[in-house]
Amino acid sequence: MKNVLVTGFEPFGGETTNPSQEIARQLNGRVIGGRRVIGRILPCVFGAAIEELEGYLVEFSPELIIGVGQAGGRAEITPERIAINVDDARIADNAGLQPIDRAIVKRGPAAYWSTLPVKAIAAALRAKEIPAAVSQTAGTFVCNHAFYGLMHALRKKPRIRGGFIHVPFSPAQAKKGQPSLPLETMVEAIATAVAVSLRTRRDLRVGEGQVS
Amino acid sequence: MKNVLVTGFEPFGGETTNPSQEIARQLNGRVIGGRRVIGRILPCVFGAAIEELEGYLVEFSPELIIGVGQAGGRAEITPERIAINVDDARIADNAGLQPIDRAIVKRGPAAYWSTLPVKAIAAALRAKEIPAAVSQTAGTFVCNHAFYGLMHALRKKPRIRGGFIHVPFSPAQAKKGQPSLPLETMVEAIATAVAVSLRTRRDLRVGEGQVS
Amino acid sequence: MKNVLVTGFEPFGGETTNPSQEIARQLNGRVIGGRRVIGRILPCVFGAAIEELEGYLVEFSPELIIGVGQAGGRAEITPERIAINVDDARIADNAGLQPIDRAIVKRGPAAYWSTLPVKAIAAALRAKEIPAAVSQTAGTFVCNHAFYGLMHALRKKPRIRGGFIHVPFSPAQAKKGQPSLPLETMVEAIATAVAVSLRTRRDLRVGEGQVS
Amino acid sequence: MKNVLVTGFEPFGGETTNPSQEIARQLNGRVIGGRRVIGRILPCVFGAAIEELEGYLVEFSPELIIGVGQAGGRAEITPERIAINVDDARIADNAGLQPIDRAIVKRGPAAYWSTLPVKAIAAALRAKEIPAAVSQTAGTFVCNHAFYGLMHALRKKPRIRGGFIHVPFSPAQAKKGQPSLPLETMVEAIATAVAVSLRTRRDLRVGEGQVS
């Protein structure tokens, strides 16, 4: 059986949990669309996150890779459209690193596009009553870092598709007034994203951009 | 079997759906805590909403009444703490009425407190991973209007408890970036609120206020 | 010359500044509409805030009192419509007090209305390009506490008008993405509120409510 | 005297004003840092916006170009870090065009970095009590389109610097609860951005990224 890799991140920024970690754990071993999901947790550390991810690419030869990360404050499940070649850390990572305006890959392109069908994923989630929208920025912290590193690793392997999806806080993390989603809703969302990605060759042509 | 009344509202403000309407419909007939839930839809019309509600109080003699309404833009299920004695409509209601600074009950008190265990409800929802928080304002439109009218009707009936809970948009209603929750999560939330209200005599003493 | 009292609050909640404190300081001694502004700083402490405020009412016999407080996260200058009779502290005040669901005035009414022309103030601010809107809740912390205490003190003195206005963070306080306003804009806003209150006997009849 | 070009946009999306248009008008003819500011208004039309902009580059040979656009809902003045090579229109532009996932420049790079000192600009604004933060996405509508077109035009002219800054709604545009800033604050902000860009060769090395 072929493999799909779903990565989450360990908690960071003073949080004790990270919904992306729980998602990767819960999906690990599940079979979706005839593939086995390998769920793994990446360290929230610049450099190390990419190294571990590259190790899993070698170990499991996945045909599809979906990185998942926590975007506290967002209201929706957000497939990311683009990864940009910069680390600019507003807070320290879990190893105390805080790079400022550093290229992730020296002389790498300014950005890589996701090769996931981000619009089909968003549409499929909304059809299941799960809040979803395409995002135009994965930030400049370890999530974007791993996402860029992934797309750089895949740049010459067009048949292996990959990308990144941000998820909101879980309810226990949200402060009063902040959006959040039940964890089980988020697990279902990422399982759906895997299924949609496996069966969708051409993304939908519908507006999912934003004015600003 | 004793009755519990759960009211929702018809769509308003240009929307074609209203999650509170769906919640009332789906809970209608369900048995919770040994009581039968009567689910009814109120018109989003000043005056008429209270008149219909009062009719249901007579018809069903419920021992517990939970009004439910849509609070587009909120991120959480929000049991309301207080109803205030003013109609101040930013938009027209479904009959075209748009009262400005009009008392709901002439010479009525400035405000009535909910008699639901609002903090126990919020805590029970969060324990189920459902975003929830106590709200300090139900607005000044038809939701607050019906809530005030309900508490006025119950003011001399301390054994009948009542209150109001606002729910977020459903995903189909939310604009990009706006919070929403799956409808089934919201139905479960209100069912939980009914159960908690029935079994809770004294509310929790935990901070659920807000700084501003 | 008659007096107008404008109160601000000392910093709280871990902040080192409070725009309301700066506003009261900067307006202290200014003459607006033929009255002298007395600017004073209240402690962010339940009980003590009302006691100090009552002392100023005796000392200065103001004909108009505007309490000002910080509402971190709000985007607008918000004249408050109503004060409610409850302390429910999500965080400790500056004396370590954290009351839960305690009446501010035992057997006091559930709420008092502001006697400021809140809509005329909001309209005048917007005419000056200053973001403004009427608010339906002053929260349940020390701001609402002082506001309720003020209106309770004025309840039998209809010729003395009073109320409360919340202001956003100043830019130095706001986290990335949070709204804020330049301090000078906020000082101008409160000066304008004083002037409008002095010259306005009947508030505007325009919709300033909210749906929820 | 050398020239600086500041562009704004005409109103779009049903608005009757656009603060960026007013900013360009008010700065037109002003002298900042020994340069004359040329303020021009671009059409909010895909294609035509870049064509007009390129015409101004030829006509005025500016050494610095700052595009300005309206980002309704944002709370801060936001210098943009990066332009991406895609048009994905959620709404129609002013000519009725609504491209979906179309490259702005065929075979152009996925993204261009701003060559403005975006962090020095944000820091200078905050020092003036003006809300400001670096943004990681200019969206996928006409603002990003013009920004990408500008950086493409400048790609082989390293001595001419350019970039884009989004500004919030003006107060008259904002709905209740939405952030906005007084127009004069925004005019001062862009004038400051021009001055800072002219005198800053190396941007500050401070964290201005975002986690997500």
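Order of writing sets the chain letters: A, B, C and D. Residues in each chain are counted from 1.
Note that contacts are C-beta pairs under 8 Å (C-beta built on N, C-alpha and C of every residue); 3 or more make two chains touch, one makes a residue touch a chain.
Please read these numbers as outputs of a predicted model, since none were measured by experiment.
J.: Same residues or different residues where subunit A meets subunit D? The copies count as same if more than half of the interface numbers are shared.
T.: Homomeric contact, same residues on both sides for the most part.
J.: So if I superpose subunit A on subunit B by CA, what angle comes out, to the nearest 5°?
T.: 180
J.: Can you work out the whole-Å distance between the CA centroids of subunit C and subunit D?
T.: Each chain's C-alpha centroid was found; their separation is 37 Å.
J.: Distance from the CA centroid of subunit A to that of subunit C, rounded to the nearest Å?
T.: Chain centres of subunit A and subunit C, defined by C-alpha means, are spaced 44 Å apart.
J.: Provide the C-alpha centroid distance between subunit A and subunit D, rounded to the nearest whole angstrom.
T.: Measuring from centre to centre gives 29 Å for this pair.
J.: Which parts of subunit B, given as residue numbers and ranges, touch two or more other chains?
T.: 73, 90, 176-177, 210
J.: Note which residues of subunit B are touching subunit C in the complex, please.
T.: Residues in contact with subunit C: 13, 69-74, 81-82, 84, 86-91, 98, 100-101, 109-113, 136-141, 143, 166, 203, 205-212.
J.: Which stretch or stretches of subunit B touch subunit A in the complex?
T.: Answer in residue numbers: 75-76, 126, 128-133, 170-172, 174, 176-185, 210.
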